[in-house]
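Consider the two complexes below, in which chain A is the common component and chain B and chain C are the respective partners.
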Partner chain A sequence: MERRHFLRAALAGAAGLALGPVLPPPAAAARQNQKKPLPELPKNLPWWLTNRDANHVFWTRGKYNFAVYKVRPLALDLNAVSVGHSMAYEDMVTGRTAQLETKTFARIDNVLKNPPRFAPSERFIGNTFSRRFGVLEQVFDQTHLLHSQTVDVLAEPSLSRAEKEAEIERLYEIYRTTTPYAITPLPLNMGYLYGQSYSRAFRNRYPKVNGLFWGYHWLQGAMYDALYGLTLEEQRKVYDVLGRQYHDVELYRTDRIFMPMTAEVSPRFSARFPHIANVFDNLHMLHDMVNDILVTEGLTRKQQDEQVTRAIWLVMEKAHEGYKPGDAPEPNGWRDYRHMEGMPGMGLMPDMTPEAMFMQGLGWMSLGECHHCSMPLPEGRDAWRAHSVTADGWTMRVRCPLCARDMSLETKGRAVLYVSTESPERPLVLISDDQGNLTPASDRGRDVVFLEQEASHAGCSEWSQAFTNRAAFDAFVAANPEYRGAKARTLAEWSALEGKRPDTYFKRQGPPGNPFDGAAEKKNEGSKP
Partner chain B sequence: MKRFLPLAAASLLLLAPGAARAIDHDNIDGGRPLRFEDADSIAFRERAFEFGIAPTWPRGSDFGLGLSAEYLWGFALNSHVSLDFDPSLGGRAGSDDARADLGRVGVGVFHNFNRETLGTPSFAVRADAYLPTGRGTRGVDFRLRGIMSRTIRGNERVHVNLDGEFRTDPEEGGRSFVPAVAVGYSRPVGYPRRFDRTALAEVTWRGGEGGEGGSGGVLSVGAGLRQQVTVRSVFDVGIQSDVAAARGAARDDLRLVAGYSTAF
Partner chain C sequence: MSVSHTISRRRALTGGLAALVAAAGIPTLFAARPALAHDADCPYCKLKVVQDTKEQDNEVVLRYGRKRIEYRCVFCALAEAQTAQYKTGDVTVLAPSEKKAQPVVIERKGGKWSAPAGAVFVAVKQSHNHCQTTYRAFTTKAAFDAHVAKNQPLLKGAKPLDLNGLLAVAKGQ
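Then we have the complex of A and B:
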């Protein structure tokens, strides 16, 4: 039976088209950039920012190392990402920018389709780049190590959820204390960082290769929620969906208005580890800034080198010492550590206020609210109780199983539903096929039962719940007499239901105008690091 | 012979399929498989085991088998220490003795001074002390090695190793100082389709040792390959030959090398 009705998707898509941003044409963007002077290299930078050492650091030991290979397609895709980054950088610094959209793209695309078995040594693929930007390479290497070891921990089946969380925190501490050039965990103002005089040069001139970079960043963000809290069997099945999306769509998108943010594609991980999500977003922004610097016309080699050094400094933890999330001594400037409301793991987006986030194709929303019923999502210690839906390249948190189910029905293509139960260690992961039919991703869904007594969505997290088994359901009903006589629905029974349009839903409105239209750049002109 | 059994067993254990950790096939350590090494230290906090076996056909002597095992530890940024064993069985160049020999046990320290930039090669120094643990060995030998690595084109690199070996108690007629130089070449092979293999070549010259080893220098050539075999390990193979020797210097007609390195 065709269960998808696409109504809301169509509405959202129409709204996205109507309200959505339009990429400024390259010539216009270039003119916009040329109006701003090239920022100066700050004085008295720490010595290590220009160090001459190699400084290779080994991974932290743990039984989880390389566990990502248990989800082999993901491991191979990540290996290919390393190659793609290095090849593009090497061509950018060896006078081959003219062929980026043709030969370089084809060469990288071939690797992405035929990924290497092992993670290659990026410094030998991008030999000239590494020799020229050795400190940048150190920053990349260290943070990529945090990236990969975090993934390994999440993919290690022998660790409990609590053990994984503790180990990830330990890895983060090792990351920030081993070498001085750790990236700040603060939510940086993305509008400021993407409002430099050279910003958007790469996106505008090399949209296909930029699309690859942002596709990599999509994968590197999305993989966290694809692994976090899931069993190995579930991880493999979820990556089957995610990997297909990555290869078929995300790598080849040239219409993105901004790089994918970790919290956009892994909101559960970002809510639990906002500092790490911020590190990854700041790292990815550093990638973008370097790309832009290297392809901006008219810069001398010395200017390029200085701007890369400045870009590194802009995201260093040391540069932001003494500040905490939420501080904003320079609103809309470099020292603006506000974050999107409801999501401490996402810095302020260009031309947005903390209250409203613009998601391409979906319109304005708040990251602290259910995207189906607009009610507030659980926070802090209860954040794990949120559910999520992954479809069509995005992941949204929702407030109850009904919201997850109905939201997945309203989207096209395959979907992944992450449904919390009464136990944080035993969520339910469901895969929705193109027709909206739900299948558990593991036998954890075998005994699951649902409570669904639809009423106002003001209380949906109470009347719509999933339980690991009938005993847990009975215990809840016994403790909550108002649900006496409620039916324990099997997965088949529950998935056949469809709720009414949530009475609490409202379409959030953002500020007037078009985000990403460059207005953020104008605001930032007075702010100097 | 008995003393080699635990070593062989350990080698076989590590050669068995299973988890090990990525020593990078592009990072070249001495003896794996050729004599030269690059100017990179192993990573800070890295530990590595490297094993090798080298069937050797010395000129004027019986077939021999060289073995090697080395432990490395990256104790600080850009620095590592090493402990190595180089036992042998059967014939060896410059000696009539074909009995099994533990050889000298070496301890060393390696320090990299700088990474390679566009304008500056990478430089490193390595100092080793070789203890008199082998048959008939006397005194402690010291070796100081200066290393330079530089990219010459694309990702092709040249490595120069300059050695000075100092012997505190040389054998009868032997020299107390023996110089050597090795020029190595490396390049990854398979780009842009594969990224797990590095080809190597070298030309080395070693000064005369005096005594049984002969007074003249020896010119050698070699070629090899390093292949990543698991995420944590590298297999290497090489072939070497002493192509010229002056004034009766001992030489190996042919030396094959196979090794396995794993980091953890």
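Then we have the complex of A and C:
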């Protein structure tokens, strides 16, 4: 461990912590345009939050390092993300905020379209920013390294699924114990964090560049399910779909109502590693808070610096010691660790309850239920049995292969279907083209057979299943006499089926309109006609 | 039976009961209502797809290959069908008519559009919130006249369009 961290011994016992830093009382749930005083900097912050050292954490040694380059288009896109972040930050702290939507956007866009072959160190592009916000840069660097190495592990073909999962947990432990700058793994209340007096300033004033930032966050979230549990061949084919969506749509969306959450776009990874998904969402929210602080008019340089320090503290693991997911000593406030029901890897979003969340384009839903048939999804040790559909920028878990197939058929454009089989090590990955034709992403789908004896969706996870081969199908039928005589369908036969509308489906209802930005009070006229 | 299947059945029962409770119409903030279809926003106009009711069908379906995508109105489906993404290949649009469960079937095969003989359409540009009234298909001119008469002044001066007329209105929007 000594080789990789300079600070652990010096910082771990930070004296300031003993004094118990206290934040001012949290405000109630945020409302857009509500005038609030600038929050005060908490007293007795640990000294390491203001250190002036240039600490750098290096890669943990592993044969998987830089395996992301095996999925080369993804690697290059991630390199460009680093450049884009740094360019925008540098312009924000060097008096060029006014050109963010024009020259800065064009410069970043050019990099995104022509990504560098290697990942640059952000401090060499945003050197003014890095000098001024050194601690923030350390928080970013360290967590981005966790991002990178997690992706490398998932992209390394020589590791089994179990080995990958164990290594990711090891990397996470190294992340949180190397320096004090680890971000909390708890699901923080996004409504509170995005309800500060400065919140939304960046999104409202610089929608194009904000769209790029949220596009990066979409990619950084979506890439996990694109890699998790897939072979290299499958990863490449899935990223062909995802990368197109990223470049054609996600980067240039200015209508997004909130930053993409990891569990929205990688629900399988987030269900397995909720603590890591929460770290990434909290990191992305910290990015948003810093953006907002730097472009809020009327703040002095000292106020900006203080607010950035406070924003860092709000998401630090040290600041939330002693709490666990689900605790809520300050409901809708800073210490609100409730999460979406059925998804511990997602903190509460603005104006939502654990029971229902609003997903753009899909409306209100529960993350613990199949979006196609509304039946509960498997949880805990059985979570791997869930299937998923990726299309149109979202990824939803579903309860059975029929739900996956039919949901993809009801969605415009290409899609990726992740279909679990009887073996956690052998999922089936299918790519749907624009017309709904399904093709296996690898030869793992060569021998697959399906059971589909449509009945009430209350039992769909039993009567709709995929098996790696005929022998596995036969073993299931032998163990379950009620399916004696059931037909083993080939992929081609199964693809041609079309299920009925699920009898169990019901639409969750929430408050009308868009819960994020007051659109409920506006008259929605639609976007094109 | 495996443990997981037992769990699955127990949870399915829970979910099923939840659905039944929801169907009973308990009026709480997040209570669910029974839905006739799996619903989402219209891919073209981004407004909610209006669900079918007992009296009237509202959901427009665009079939493209094996895809079957719901739209809010016949205008949205035909506008989408004329975009670059759908330019190649055959499409079928099922446009709700004045008769329940009897949509007007609009097809494009080999690049040629067709609709049943006698089918007419209303297309009046208003706020798209009213598109269920302002863009609709009818099996007869008489049904069109009845619809226009019933929806005044929204459809004031509305003229019956044939399929080519509706396609022209929807093209390039």
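Just so we're on the same page, the second predicted complex is superposed on the first by the 478 of 529 C-alpha atoms of A that agree within 3 Å, B and C clash if a C-alpha of one lies under 4 Å from a C-alpha of the other, contacts with A are read in each partner's own complex, and residues count from 1 in each chain.
Here is the rule we go by: contacts are C-beta pairs under 8 Å (C-beta built on N, C-alpha and C of every residue); 3 or more make two chains touch, one makes a residue touch a chain.
Computed from a predicted model, the values in this text were never measured in an experiment.
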| Of chain B and chain C, which one contacts the greater number of residues in chain A? | C
| task | Report for A:D91: first if it touches chain B alone, second if chain C alone, otherwise both or neither. | result | neither
| message | I'd like to know which partner A:R117 touches here: chain B for first, chain C for second, both or neither. | response | first
| request: Could you say whether A:M375 touches chain B, chain C, both of them, or neither, answering first, second, both or neither? | output: second
| said: Which partner chains sit in contact with A:N127 here, chain B, chain C, both or neither? Use first/second/both/neither. | reply: first
| query | A:D434 contacts which: chain B (first), chain C (second), both, neither? | reply | second
| said: For A:A458, using the defined touch cut-off, is the partner it touches chain B, chain C, both, or neither? Pick first, second, both or neither. | reply: second
| request: Please indicate which partner A:D292 is in contact with in the superposed arrangement: first for chain B, second for chain C, both, or neither. | output: neither
| task | Look at A:E355 in the shared chain and tell me whether it touches chain B only, chain C only, both, or neither; answer first, second, both or neither. | result | second
| task | Indicate the residue numbers of chain A shared between its chain B interface and its chain C interface, in ascending order. | result | none
| query | Which residues, counting only chain C, touch chain A once they are in their complex? | reply | 1, 4-5, 7-9, 11-16, 19, 22-23, 29-48, 64-70, 75-76, 79, 85, 89, 125, 127-129, 131, 173
| request: Under the touch definition given earlier, write down the residues of chain A that touch chain C in their complex. | output: 353, 355-356, 361-364, 369, 371-372, 374-376, 378, 382, 385, 392, 407, 409-413, 433-437, 456, 458-459, 461-462, 479-480, 495, 498, 501-502, 504-511, 523-529
| query | If you look only at chain B, which of its residues touch chain A in the complex? | reply | 19, 21-22, 24-27, 40-46, 74, 77-78, 112, 114-118, 120, 122, 151, 154-155, 188, 191-196, 228, 230-232, 263-264
| request: State the interface residues of chain A toward chain B in the complex, per the touch definition above. | output: 52-61, 65-66, 69, 83, 87, 107, 110-111, 114, 116-121, 124-125, 127-128, 131-132, 134, 178-179
